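Next up: some structures, all given as structure tokens.
Both complexes below contain chain A, partnered by chain B and then by chain C.
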Partner chain A sequence: MQIIIQGLLLSGLYALIAMGFTLIFSVGRVLNLAYGAYLLIGGYVYFTISQTFGVPKLIGLLLAAVVGCLVGLLKYRLLVKPLKGDHVAVEISTLILAVVLQAGVVFLYGDSSKILLPIVPGVTHVAGASVTYNLLAATFASWAILIGLYLFVRKTHVGRAMQAVSMDNRGAAISGVDPDKINLFTWGLSGALGATAGVFFASYTQLSPSMWVAPLIISVAVVIVGGIGSIIGTLVVAHIVGFMEVLAVAVIAPELRGVFTMLLIIVVLVIRPQGLFGREEL
Partner chain B sequence: MNLRWTHLAMWLAFVCLMMAIPEFVSKGTLRTLIFANFLAIFAISWDVLSGRTGYISFGHPFLIGIGAYTSAILTKRFDVPIEYAIPAAVLMTMVGGIIVFLPALRIKGSYFALVTLAFMELMYQLVQVIRPDLTGGTRGMSGVQTLTRGAVNGYYMSVSLMLAIAFSMWLLMRTQLGTALSAVGMNEESVRGSGLSTTKLKLFAFLTSAFVAGLGGAFYVHYLGSIAPRALFDINFLFTIIVAALIGGASTIIGPMLGAFFLTFLLEFLRPYLPGAERYFIYGTIALLLYMYEPKGLIAIIDKYWQRTRGTFARKQEPGESL
Partner chain C sequence: MAFLEVAKLNAFYGKAQALHDVSLTVNAGEIIAIVGANGAGKSTLLDSIMGLTRISGDIRLEDQSLVGLGSAAIVKKGVGYAPERFNLFPYMSVRDNLLVGAYTARDDIRKNLATVHKLFPRLEERKNQETSTQSGGERQMVSLGRALMTSPRLLLVDEPTIGLAPKICVEIAEALTKMRDELGATIVITEQNANFAMTLAERLYVLESGHIKAQGTVDELRNDKRLTEAYFGH
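Showing the complex of A and B:
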């Protein structure tokens, strides 16, 4: 029972983390290896605003999202667009950027990790498992955001344009959608999502300059296994990954936490490169 | 093969220059140079695989780690003499190279890069958990037998290894095989169309790369005398290798060496101003700007200036790839 509850909560968080990454990968067709840096930025912005200056938490969260969004927009304009869709170049330059941002955080805040106070304090007990309100809030926020995103992509004009660009760039352009604008929008959205996820993730673990690697790996796993352009796929796989981790920790050994995630990435990529839910792509 | 005596003379001059360096510089600089030599070896190894064939490896520390760990475990835990431990480590790394090669049969591009990244993280976590009595777990191992004592000897060892590897890779790349490898990077389908087996070519590239990585890794651990998982399977380390190869100039031999020396000295130069990990901020920014400005690397920039000073009317220069 405890495993199920913990698994559900962790998976909710992971779904939120992976969402922004999936968006970019589906629409822009590039791997944004600096995605983890949004979480880093989000976490530290929230830390500065809410914990150091004592601004209300909701405003801190919003500001973190805004900063993440801005970083995403800048990244698209300054990095991705000049490289004109050269995938390898984008991957390498975003990897470099992530290291640069990490060093920037070290520069500003120091090397040691910081504890982020829970966004929603308090603990409750559900069926014998102690659950912090904080993680519960993260899960609810994650579900709310995911449902919102799903409706947005399905129902609104912009969302459908995003789908169109993700399917076929040129086709979308012919139908009067400006792929450049949609890409820009997606990068911003992804940045905002990443930063929001970062706040929750940081309050779940802790703030440290190297906190971006683990979520990046999780996002990669979710996207690879879930496949391109599938929000439902992202959600399902986030739960697979989350439950696998919780099970590994509970049943085998805490140290093996990430091992199964890696194995899952490798196996799925080799056996079914288009992912479990994705369209035929390669 | 088309060897020319000018090339050999340039190599000879280069070797003499590198060998003469300990006479002129301090011990501290030598230590920096040793690190640059090893970085150059790793960068060459990365370049043989990724720079030539276009299969970007984000998991090169995986291969280097296999080499380093195998040799360290053999000498420290089983008292195998170093002469046998290093070849064994190289063989193990080549097995690792085959493991990395398997996904390359089916996937390429971004997906391949991700699999290799996953390999590296997997290795990082497994090394800490499986048989900590052998690997030393999270803390790694120290007191591994070292090959040399003192900076000067260490320098000679590392520089000879680097030069030997660079020269043999250079020879290799000038054969038809080398040309075919680069062709795989440009257009795999047309290589297959010309009746060559891309599978065999790729396997060859992976094995060569693993060979160099294993050799570098094993010697590196026997130079340092210690090994730690976090320092090895680290994104910063991976980043340094890739950036060294790219900044210098991918798919050349001199490029990765140039990049490795440039980066190592940049890092050293920044040390007095920024002692900690903040250095990577400046360092990464410079790397990023250079990469955005000229993806072909320093070698292309130097080549351009060279051309300009020689005057464009002069006879056609040797292209940058000649070395």
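Showing the complex of A and C:
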């Protein structure tokens, strides 16, 4: 029971983490290896504003999302757009950018990890399993954001334009959609999602300059295992990854937490390179 | 003043030049056809009007230059495009494909959707079907429908009948004529099939290896050997 509840909660958080990465991969066809840095930035912005300066938590969360969004917009304009079309160059430079940002965080905040106080303090018991309100809140927030995102992509003009660009760039352009603007928008949205996920992720684990790596691996796993991502596909695969981790920790050993995720990436790459749900849609 | 005026157009793909000094005019309410063999530059010509190629020369719609505008801005000026490969969104429903076409014409959605469904009733019956599972004829209808959703005054249609069954060709031709007669659209089509082009268009331009080789009304060109030369060589 404990495993099911923990698995569900963790998977909800993972879905939120992977969503922003999937969006960029679907719409821009770019692997943004600096994606984990949004979580890093989000976590530290929230830490600074709400924990150091004592600003209300909700405002801290919002500001983290805004900063993440700005970083995303800048990254598209200054890095991805000038390198347009050269995927390897984008991947190398985004990975480097993540390392640079990590160094920046070490410089400003020091090397040691920090504890982020729970956003919602308290613990409850569900069917004998102890569940922190914090993880519960993270999961609810993540479901709310994912449902909102799903409706946005399916039901609005901009959302449909995002799907259109993800499937046929040229078709979108001759329909009056400017793919460049849609890409810019998606980068901003992805940054905001990543930073928001970062606050929840940091409050679930801890705040450290290297906290961008694990979420990046989760996100890559979700995209590779799920195929080019639909929102539903992301949700499903996030649950596969989440439950695998919880099971690995509970049944085998906590040290092996992320190992199975990485092995899954390799297995899927070899057996089914197009992903389990592989088709190009958003 | 012509509705559409293309003047001394040169178009390039990378270093290769695909069009040489192409000039043509289209009057409001006309249907004209660009005929020529495979590789003559027909698609390049339409792509260039849509701002999808690198060009020199001038393209004017109602005396306003389209040169340097992006495709989205050109769509907004009233140019609709149904390209040869359709460029549909394969995993979206017919209806969502049409709605993407309405991106710049959101106030006309209801009216345009009714028009499209009247022209192609099959699109209303199959509105929830993904276009990846549709036949070539149905995709052509979605493609034309999506172009109509942009509220175009000038409609560019690349090879409207390529690969389609004769019965569907007739349907498409009827729809194009209705678009002109009932919606007041000016239409430019490209065709490999000169006979089909002559049943639909009033005037033809013959394109060969990126050059305009002949132009005139259907009657003037019907027995012109330059028309056959464009297909079979000299």
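Following the convention adopted for this analysis, the second predicted complex is superposed on the first by the 278 of 282 C-alpha atoms of A that agree within 3 Å, B and C clash if a C-alpha of one lies under 4 Å from a C-alpha of the other, contacts with A are read in each partner's own complex, and residues count from 1 in each chain.
Methods note: a contact is a pair of C-beta atoms (placed from the backbone, for glycine too) under 8 Å apart; a residue touches a chain by one contact, two chains touch by 3 or more.
Keep in mind that what you see is a predicted model, and the values were worked out from it rather than measured.
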Clash-or-fit label for the pair chain B, chain C on chain A: fit
Chain B versus chain C as contact partner of A:96, first or second or both or neither: first
Which superposed partner A:177 touches (first chain B, second chain C, both, neither): second
Dominant toucher of chain A (residue count), chain B or chain C: B
Angle, in degrees and to the nearest 10, that opens at chain A between the C-alpha centres of chain B and chain C: 90
Contacts of A:31 with chain B and chain C, given as first, second, both or neither: first
Chain B versus chain C as contact partner of A:270, first or second or both or neither: first
Partner chain in contact with A:220 - chain B first, chain C second, else both or neither: first
Touched partner set for A:262, first chain B, second chain C, both or neither: first
First, second, both or neither for A:157, with chain B first and chain C second: second
Lowest C-alpha to C-alpha distance for chain C against chain B (Å): 18
Complex contacts: residues of chain A adjacent to chain B: 30-31, 79, 82-83, 87-89, 91-93, 95-100, 102-104, 106-107, 111, 209, 213, 217, 220-221, 224, 253, 255-259, 262-263, 265-266, 269-270, 273, 282
Chain A - residues contacting chain C, complex: 157, 160-161, 163-164, 167-168, 170-178, 279-281
Residue ranges of chain B in contact with chain A within the complex: 54, 56, 58, 102-103, 106-107, 109-111, 113-115, 117-119, 121-122, 125-126, 128-129, 235-236, 239, 242-243, 246, 274, 276-281, 283-285, 287-288, 291-292, 295
Partner chain A, residues of chain C touching it in the complex: 50, 52, 70-72, 75-76, 81, 83, 86-92, 96, 99-106, 146-147, 149-150
